[in-house]
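Chains: A, B and C, in written order; residue numbering restarts at 1 for each.
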């Protein structure tokens, strides 16, 4: 697949190249020209950078780095760590040979490293580019009032991916905008008998946590969410219990709304294989929807075109499509506009002319625009023009992320010390949503959170 | 034993009866063992077949249908994974990395263990047995126990000598050698105790020094044991995942086990590609195994039964 | 160079020169030993001591916390789960692998193709556990099109209970009643029965949903036709009451709906006895002729919905022992997740060759005469094995057994690679916990070190026992 992705990546780069020469791309060229010009004196030398991106994403990120290397003469050594990013960085810091710059997927690591003085404050490095980010993002990269990170990549988790042809086959003509409508559509699809409503990603529990978090913020709002994240709200709070109940309704009794039932969801729910049920690379889909953040796009086979319409087919080899809708909120919710997401934050571990130039470049809209153009990427950077995104799906996604009324960061990523236990607890409730089990697990979660966070 | 006192005719009858019973059970034994052999072969065959079937057939029909439709077989998956050549992140690059780690470790462990075992067996100083027991005692140390401190030790080496082995192939090699030594010394010592001291004494009388005796007399005799140890060590290190995961996390070149682990982690559903990588990964140890099977078995024996 | 023969006069040697003599005699020997010793001290001994030290310090390794880390080990459910799993491994794996090793070793002596057989059994040892775990993950896959175990289960299960034309999907908890849409309700024995009564000369319609379009296509279903009244008989229709065109309409026939062919029906009188049976045609229509006066229900037989086989989730964390009603901690201690058994089977596949080789060698060194004498004495083979062979092999068997105990105390990569994400937590072991707590998601070096120390303490007695046996 890594190899398949590479084929896809080169195709994407080609598209990007074409886009850059068209009018839509001109603004990007203009802006990137100016940003690069500010660091245009050839500096030379080299700089190392780590991030979790491998395969397609690695290719895309290298495309981002290319103009920087060309204009500054700095050679950038990029290493994609995949799921080992945390491990590798922890060990590298402990081992005394960290990269100059690292992008991590959670503010928890940023805080830990800042506490250890393993990373450098950035205010003086990036200057005005700091203003490109909304306050929610800035505060997530701040430790003891100092800015330590640049949110290069965002992830909007307020998305539901669906196969338009499956919706059409079930007779659903418009995507659900409310929670009730979503549950009704699930029933319609189930009644059709051919497709499962949902292919649920379970993995080691993080996708279930994402699902829970989406529901929680929509039901209870960002303020309550942040209290729960800080454990100033207890897990045994009725807000949590209600959210679990909604989650159980979505999943259906015994997982009746899930592809393969509960068993199937647990067996084949690792990410990204859960995406293949909805967007298979051969044959026909078996499920209609999959809930996860916008990075799902990267796992949708290249045959699929973004958007919906009459021309979308059920066959993976004819003209299949993919599309998204916003994760629906309960109809009367005052918090429908609150969204959950995550991102990758760039940190400076070794200070040098080269590494500072690289950090500054990553904070610029031009760097983000390049990847935006390649797809599967959203930037929290407000200065990145919507025109930089290649299609309507991506544009809607980016707009949702930068214009959200309230933005909250993935709660599990903030639970340093007990995150894996939280995931296990989520899987536990998923499998047994009975009131008695929910009570038991909530008590357990409070205990775990207290042990890990000290309160 | 008691048979001696028995009447000859009784004994003959019993032998005939025994022979009959054996003949009957022989057929049964053949059948049972044939079934066991099939059971043992199924996983390997399935791996091979999955790697040779196209993606589109993977979830659609079982790999076993290939026996009725051999036309399913294709080299497509291999073409795909080899298409990257030796570029980093590809399977061939990982193959080379695995060799770069495994070969030096094997040579170092064999050399250092032989020397140490020689010293422990033929040295004349007191306390050899205790040192041997302590070394053997180190076999009990699970390597997980040492990981965190060694990472920090490497950092200290970085600050002291400006040479930090963390994240480098030598760093992995150093760790593997250390954890290969207790077993290596144990195995070699057990073998060397079987060499008659007279042989050495003869050498000494002729005026040969220790190095010469080791090199000329003991080493040739110990060659089978060294071969066993080397094969063991090779296969262990080749198949290691944990140490590489911890120490090579930061390297662009990773051994095959990490290659497979990454692929399974990120693409659980794409077994056909992962299986192809797995076949590549078992290829080298299989060659080693079939070439040196005799030594391998001897190594197993020397290792545990004395 | 030194040699024993070249020693100087001993008697008159003063103390100092005696020591010098010792050095002179032994320095080469010690130099031979030195590289190994230095290496071991630096990378094995020192780190082990450091880990023991870490285990009584806090996460930053600066503050002494006594046994606090050990207390958290025993109060953390996730780590108790790891303990539990290690116990399961230790109780089950070494016994079976030794037993199987013994059996094949004894039997191999009787066959001509012993070399080939041994090669086959030994081969998996050389595969990486990563690759083996991958293979076994496919073998135990839930989907019978992928996993050979579930494919066999399916074949067997289909012999005993042939799936109906419209098999229920039990993986999502379907029941016949959940298919009912119009004028149908769940009856006894997984049947569907008409809600309304029907009389001779009347018609009856039943609507069902959740029937897969793929099934209908396979059965050649055509557009349903409204049943026409027939004298002295009952005409009817069973159709798939679902149309993408009108998803809310669930009472009438819509143009793109389909009849349900091949349904076996029964006509049930008011006394509950069956008075006739029939099968629907491709448009889902049916009729009962020559029906006596009275009121009837039409029943769709349960056999139509006989569940299709759903694979066993071998790689799942569901417990094979009952755990309901237990609290969280008791559950983590008492459940035996199915995946443990699947992984143990896989691990036996990897290691049985090792046991066989060792035991085979033990057998070869046994005194043949004793065995033959026993057989000639009239002992059956089983008696010989039990009374003579096994006792004589006892030292070897113990060594194999204990080696395997040590091996599974450290079991790690098979879990990391074989368990799907959702089973990683429930299937964890001590060695895996050390890795997860020590190297992923924020280093907990204190906790990880405490687990490492415990693992160390568990391994030591087994290892010492083994060494004693090997020496003796």
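Rule of thumb we're sticking to: a residue touches a chain if its C-beta (ideal position, glycine included) is under 8 Å from a C-beta of that chain, and two chains touch if they have at least 3 such contacts.
Note that the coordinates shown come from a computational prediction; the quantities given were computed from them, not determined experimentally.
Q: Sort out for me whether A-C or A-B is joined by the greater number of C-beta contact pairs.
A: Pair with the higher count of C-beta contacts: A-C.
Q: Most central chain by CA mean?
A: So the chain nearest the centre of the shown protein is C.
Q: Please identify which chain has its centre, taken as the mean of its CA atoms, farthest from the centre of chain B.
A: Comparing chain centres, A lies farthest from chain B.
Q: Return the distance between the CA-based centres of chain B and chain C, expressed in whole Å.
A: A distance of 26 Å separates the two centres.
Q: Roughly how many whole angstrom separate the Cα centroids of chain A and chain B?
A: That gives a centre separation of 42 Å.
Q: So how far apart, in whole Å, are chain A and chain C when each is placed at the average of its C-alpha atoms?
A: Taking the mean C-alpha position of each chain, the two centres sit 33 Å apart.
Q: Please list all residues of chain C that touch 2 or more other chains.
A: If we look for residues of chain C contacting two or more partner chains, we find 143, 420, 439, 443.
Q: Can you list the chain A residues in contact with two or more other chains?
A: 87, 91, 94, 268, 270
Q: Where in chain B do residues touch two or more of the other chains?
A: In chain B, the residues touching two or more other chains are 59-60, 148, 152, 245-246, 268.
Q: So in the complex, the part of chain A that touches chain C is made up of which residues?
A: My answer: residues 86-87, 90-91, 94, 108-109, 112, 168-172, 188, 190-194, 196, 202-205, 252-258, 260-264, 266-271, 416-417, 419-421, 423-424, 427, 440-441, 444, 451.
Q: In the complex of these two chains, what residues of chain C are touching chain A?
A: Residues 72, 76-78, 141-143, 169, 171-174, 181, 209-215, 240, 242-247, 310-311, 313, 315-317, 327-328, 420-426, 436, 439-444 of chain C touch chain A in their complex.
Q: If you look only at chain B, which of its residues touch chain C in the complex?
A: That would be residues 1-3, 11, 14-15, 18, 21-22, 25-26, 29-30, 32-33, 36-37, 40-44, 46-47, 50, 58-64, 112-113, 115-116, 118-120, 122-125, 131, 133, 135-142, 144-150, 152-153, 174-175, 177-179, 181-182, 185, 204-205, 207, 209-212, 214, 235, 238-242, 245-246, 256-257, 260-261, 264, 268, 271, 274-275, 278, 281-282, 285-286, 288-289, 293, 296-297, 300-301, 304-306 of chain B.
Q: Show which residues of chain A lie in contact with chain B when the two form their complex.
A: 1-4, 6, 50, 54-55, 79-84, 87-88, 91-92, 94-97, 99, 268, 270, 272-273, 276, 281-283
Q: In the complex of these two chains, what residues of chain B are touching chain A?
A: Within the complex, chain B contacts chain A at residues 55-56, 59-60, 80-81, 83-84, 89, 148, 151-152, 154-155, 158-159, 164, 166-167, 245-247, 249-252, 262-263, 265-270, 273.
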